[in-house]
Amino acid sequence: MTAPILSLHEVTQTYVSRNQQGWRRRYQNALDGVSLDVHEGETLAIVGESGSGKSTLAKLLLALNKPTRGEVRFRGTSLQQLSGAQHADYRRSVQAVFQDPSASLNPRMQVAESLGHVVRRHALADADGEAGCIEGHLASVGLVPPASFMTRYPNQLSGGQQQRVAIARAMMLAPRIIVADEPLSSLDVSIQGQILDLMRALKQRTGVGFVIISHDLHAMEAIADRVAVMHQGRIVEMGTEVFARPQHEYTKLLLAARLPPDPRQARARLAIA
Amino acid sequence: MLRFTIFRILHAVPLLVAVILAIFLMQQAIPGDPVQAMVGDFPVPPAFREAIEKKYRLNDPLPVRIGTYFNNLLHGDLGFSYHAQRPVLDMVLERAPRTILLAAAGFAVAIPLGMLIGVLTGTTRRRSMDQAGTTVTLILYAVPTFWLGQLLVILFALKLGWFPTQGMGPLLSQATGLQWVLERLHYLALPVAAFAIHDGMRVARIMRASVIDTLGQGYIVTARAKGLRRSAIIWRHIVRNSSLPLVTIAGYAIGSALGGAVLLETVFTWPGLGLLLIESIRTSDNLMVMGVVIFSALAVVTMNFVVDVLYALIDPRIRHQR
Amino acid sequence: MEALLDVRDLKVHLRTGGAVVRAVDGVDLLVMPGECVGIVGESGSGKSTLARAVSRLMANVEFAELSGQALFNGADTLAMAPEALRRLRRKAGFSMIFQDPMGYLNPTMRVGKQVREALSPGEHAMPEQERIYALLREVGLRDVEYVARRYPHELSGGMRQRIMIAIALASEPQLLFADEPTTALDATVQLRVLETLKRLHQQRRMGMVIITHDLGVVAALCDRVYVMNGGKVVEEADTLALFDAPRHPYSARLIQMTRRGREAAEAA
Amino acid sequence: QGQPQRGGTVIAALDPGAISSFNTHLTSLTSMLFMADVWADGLMTYDRHGKRLPRLATEWTISPDGKVYTFKLRQNVKWSDGQPFTSADVLFTLNNFAKYNTYLGKLLPIVDKAEAPDPYTFVVTLKEPLTATLDLFDKEVFPIMPKHVYEGSADVATHPANRAPVGLGPFKFQSWDSGRSITFVRNPFYWEAPKPYLDSVVFALIPNPQQRLNAMMRGEIQWFRPEAAQVLAAREGEKSGGYKVLRIENNAPERAVVDFNMRKAPFNNLKVRQALFQAIDRKRVVADVYQGLAETAKNAIPNQFTNLYDPSVDYDKLYPYDPKKAGALLDEAGYPMKDGKRMTIELTYITRPPYDAVAKVVQSNWNAVGVDVKMAGLDPQIWTDKVYKQNAFDTSVISLTGRTNPVLGVDRSYICNTGNLPFVNPTGYCNPEMDKAVNTAATVPLDKQRAAYKVYAEIVARDLNQITLASQQMHEAVSTRLQGLDAQFDFSFNTHPNWAEAWFAKK
Amino acid sequence: MTTTSATPGIVPSPRRPVLHGLGAALRGILRTRHGFIGLVLLAFLALVALCAPWIAPYGPFQQTPLSLAAPGAGHLFGTDNVGRDIFSMVLYGTRASLAIGFGAAFAALVVGGSVGILAGYFGGWIEAVLMRVTELFQTLPVVLFVLLAVALFGTSFWLLIAAVTLAIWPVEARLVYGQYLKLRDREFVAAARVLDLSTPHIILREILPNAMQPVIVQVALDASVAILIEAGLGFLGLSDPNMVSWGQLLFAAQDFMSQAWWMSVFPGAAICLAVIAFNLFADGLNEMADNRRKGPQVGLED
């Protein structure tokens, strides 16, 4: 196994919230001494109860938050100490897909505009090649014919299409890893499958790795190489065998709460509890 | 609560210091000759100028004067107005209650009136009534307060003779008790009306928008699903939840009522802080101007504080969240 | 036995901007007393609109067309006078649970009071306060005196959803609409709420319409299922039958999707 | 009219303006002059024909060389606190207040000595004669202040008694409700018993002139002095019968003037000044600004000063309204019409009636001859600074008041003002010939004064550093219930009501 | 909300966000009842302002032979005490009021907007300092500013705009601040940061267009507030006499309220009209946004 591309070292993230009046401070450890390695090319699923710090963890990996304590490292160097070149490498290597595709695309930019800014910022193509470059990426996430999507605003796309655009945008920089915070939960059941398929296909084709955060245990079971279970700001269990052989109490509880998509079993589950 | 209060007071100190410095420097920039203002439109005899300037140390260097001012301020002294020949604090304390009375009476009418209109137009079943209500509201809102005041005086004081034309009470009155209160109300009627019409309509417009917003909230559906009567839904669920934006705006408006008071007090010769401010500016009575503005800054700060408290009272979420 | 709710050829066409959305386009729906019926379908298929139209909780909307009948115990709710409708909601009629318990509870009112508002009027053996506590206990809350004095934001999502259920039950309805009652909740919490619903359904013998896009929920609770797509009912079947042998391709796809994760996991 | 009856309170409205002191040695605010008539008294005053009337001085004599003035004082007069009034008070006032008194600036330097040889005699000896001297001892200009109150105080200018005065007038100060009213009650020690008839006089402080009128129409006050622009409206209200509007005979002129800044072009060019004067339709100023209640000024000397005014110098004849002539003059001066205009000048004024209205008329008049006028309407303080201290103006409108002699307010517009003193000639005009003429006119004996003032007026008419537009008439509105007002004009030739004479008819 | 279809390829009819193009915005606002009236009134006022020299029978400072003439054939709105034609002055006054309205509102937008953007986006001490300054300006009375400005620079129209701007920018700043505070945590902003787009790009291209809607509404309201403030200042005699303004006319009319009602009624009505126009326009903007934003709307009715 190669060295981890991203890793957390004893990271604690404390949110200080003030109430409206601005006095009594409240400290909350959203993450509490978490260590984690993410390897290139693997799919790591993070599951856990609501409010357990999953999104916080994602933000840290994406350098959207600074950790209160501990370090986030990219290829062994702390994010704080990255040199200019390393930082550019980091930004290209680590990309993100968010929960709500309509919220993660600027509602006032056409698809071509949204993606065009990235092309220009990172000099992915010259002015003549820009349209072609964008269309290529759109096509690679299954938006065909790509030309028909270029001039649309996000609200003229279906949820699934929006999420595809978001993925295409993330893929433009040829990242090594994509951090996806609940990429499925705001999508319809029928579309969730398509997006999962797409992610799988991308992984096969480009070797990109994923950190996927999700509530959908069934889906995670299907796609993940490794699973981390979070509970109250800590990773309580992590490994490849989590679904098959849960160790921690909370993991067991979580698995037990799944409703089987079969009436007989489901009813039985309700009756037992 | 105590800690909160202290915190807010400490918070306000830099603001006040900044206000004071700002005005001090501003007044420095405004040409003005307080001694000339005392004498009027005849030349000032040099002896008189010298006497006044020496006594009140008008020629001290600016930093010295600022230093003295802050030093006095620490001792609760707002300085001595050489123009009024009285301590500034005295004057401000004498005038402030009058402005507060006017503003309080104004808001006491404007806010309930505006809320009522806002709720009625916002929830009305009939489109025509909403339309008529909002139209009238907008038209009244658009009338400048001071002009409205003048029109009211012409109509209700001069033509109909119902109310006095100006002032805050009969000069020769010996009335006490209820009589006194009635007298005050009689004199308050027109200024309050002028004030309440403009500000009340503003409140009404905000309230209507807020009510309509509230109407879109889920809990109104719940309330309907419970089979509550219309009136119960309005009073129990809509009014309180729609008041929040109002609190912010009303708080800001009350805090900065001094600006409006300048006009209103001018129109009705209401001898409050607004008139004092104008008069002091025009006579370059710098310390008095400072006093009035400090008072108004305090009012703003206080009202911000009250708004926060009210917020928490109206919306229990605020106490704990964030 | 007479139907509790009999919806016939309901059409709800809405006007938005310039276009007309056929949110519900000719739906028939039947609920027998004491029966639990599920409505599934993807987002935007008209499930909520159907429930809201029947229970007349859709106002200030410009209807391009609203037609059909919704007979509740034989009376058409769509044609009912507002006052009659109100009485029906007040007592022994129908009530509704919504997806997002935070938005549907008044944030500035203590939950006890919100429950009290919904209590059915008339003579009761128990004093009002006791009735509130009893209701809260019935939906599975403990320490009810404390809970009644809380504001909604002071409660957890699961507790809030239970308060919603208590409010819905307070008028002793014969029919309960539940519009996505558990989508906002954690898997563990979801399970507990569903249990509660099931228990109440069985104890009170009231009719229930569960609207969801999670087939798992329907599988666990409902006797019969309607599958909606594009404002139309594309399939109506016994729950077991639907899962075993979906007739409509759309239903089949839905079921396949739901199972897919599982199967994939098993395949791996 | 019947016999005067005792009792009652009159409410009189005043513009509080910028009251900082009641003591009219220290302030020249008109409102304070009104008020001084209530609480203060002086050596003498005038009747309606401008003749001197004795007050606290029963008689006075002037030495033949015009240098020694001897006043015999009234006996058994008491201050409002009961202390006796003597010549020591008069002497004290001259010694301690005169230096703060803006009107006495001319007199004080030539006072050789002042003495009180006995309690009822007061003698002033001058180094050189000044014909206007008696006018400077008028009660309005020189109210007598109590020695026993101020004595020993280092600083009489800021003494509290200036705001709670002890005086010799018919009423005594009682209270001051800041921003609302100032109350005076009958002075039990008043020397002119049984006057006053009224119990008290309350001054209602109403800054806005329109509101003073409103209050009068509604019967809330019994006296106020309407602004020129309001007189017609006040006359309208008169019909209701509650009050009447009276014209006041006065010799305290109030005249609208335009100053030219002669330090700079084009105003250093006499032709331009003449042209601008002739371009102004002064009848229109009278009609529009003063609603006809004024007259065009004839020359530098106000015609109220009947002994001094010489009608042969007449602006109406010298500089009649004549836009064509004005245009020709400007052409001559080198300001031909180009694209519809000749030049752009600034007109500075205080944004208040009547100055703003004067400015508007002047603006359109000047516009009509191709002079583009940029208006600078300012706040009084800023205006004063700009015009008098910085001299940063082109032309400026103001209305100047004076007292009963050119020394008191007229001279200041024409004499050399080197110290940038406010409200003294701001034009930069500095002509020794003029200064000499002014001095001569003030010092020649009474019978030679008219001729001297003619010279004075001629120089002004020639040089035109300032042009005088109109002379305003004064009016007051008084409740019809208030009686004894005829007598008031005998007391107050100037501008002031005489509350000592007034009484209320019982309803 | 658009119906999002499950099958890719079937796309709802293309609908561009309303505020995108100016033309589209105009069409959108004309569809709202209030906005329509407001826009028509504003257009009318703007037309009057532009064409004043051609419509007005007299110059703004021109004296006519008749003073205090009642409204009639010769003088539609009568004349004032110095014989100026009120009708012409009200027409010319439209220029001042509209200029103050637009000018001050726009300047407040620029000043307040910049402060709000910096404070809202960067937070920390920048936020603390800027918001304190904003509070400071909310505390000081406008009259003081205007006097200061007049004292330092003389009466000038630009100063008046500046002074009114000083009075209203804090509101604008707070609003923009709130918007940025809210939007900076949005996912599309996070996405832009992850994509390493530059900070100016994020502030100006990503957030700004999304923050504008309530701000534009506020600008329209501010314009009406500015007109009212100008009227108040004119009434206190602090306006620029070289530009006829309605507030000034009211100031001059004070002494003639009972004698010449026309001197105050027409300018007063003009102020009302302009304030109403701006408010209706703002209402229209709001309504338009609501139409877009609001999904299923609930109400009290069954």
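As written, the chains take the letters A, B, C, D and E, and residue 1 is the first residue of each chain.
By our rule, contacts are C-beta pairs under 8 Å (C-beta built on N, C-alpha and C of every residue); 3 or more make two chains touch, one makes a residue touch a chain.
In UniProt terms, the chains line up like this: A, C = ABC transporter ATP-binding protein; B, E = ABC transporter permease.
Everything numeric in this text was worked out from a predicted model, so none of it was measured.
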item	value
Contacts common to subunit A and subunit B (ABC transporter permease) (chain labels)	C, E
Fewest hops from subunit A to subunit D - one hop per pair of touching chains	2
Far-end chain from subunit C, centres as C-alpha averages	D
Chain pair that, of all pairs, has the most C-beta pairs in contact	B-D
Distance between the centres, which are taken as Cα means, of subunit C and subunit B (ABC transporter permease), whole angstrom	51
Separation of subunit B (ABC transporter permease) from subunit D, taking each centre as the mean of its C-alpha atoms, in whole Å	39
Centroid distance [mean C-alpha coordinates] between subunit E (ABC transporter permease) and subunit B (ABC transporter permease), Å	23
Interchain centroid distance [CA atoms averaged], subunit A/subunit C, Å	33
Contacts with 2+ other chains: residues of subunit D	208, 217, 379, 381-382, 385-386
Residue numbers of subunit C (touch at least two other chains)	42-43, 57, 59-60, 85
Multi-partner residues of subunit E (ABC transporter permease) (each touching 2 or more other chains)	4, 6, 15, 147, 151, 254, 257-258, 297-302
Of all residues in subunit A, those that touch subunit C in their complex	49-50, 159, 188-190, 192-193, 215-219, 221-223, 243, 253-254, 257-264, 266-267, 269-270, 273
Subunit E (ABC transporter permease) - residues contacting subunit A, complex	2, 4-6, 8, 11-12, 14-17, 19-20, 186-188, 190-198, 201, 205-206, 209-210
Parts of subunit C lying in touch with subunit B (ABC transporter permease), wherever the complex brings them together	55, 57, 59-60, 85-91, 93, 95-96, 98, 100, 103-109, 114, 117-118, 151, 153-154, 164, 167-168, 170-171
In the complex with subunit B (ABC transporter permease), residue positions of subunit D that touch it	9, 11, 16-18, 20-21, 26-30, 99-105, 155, 157-158, 160, 162-163, 177-181, 202, 204-208, 211, 214-215, 217-218, 220, 379-382, 384-386, 389-390, 398, 400-401, 409, 412, 421-424
Residue ranges of subunit B (ABC transporter permease) in contact with subunit C within the complex	215, 217-219, 221-229, 232, 236-237, 240-241, 314-317, 320-321
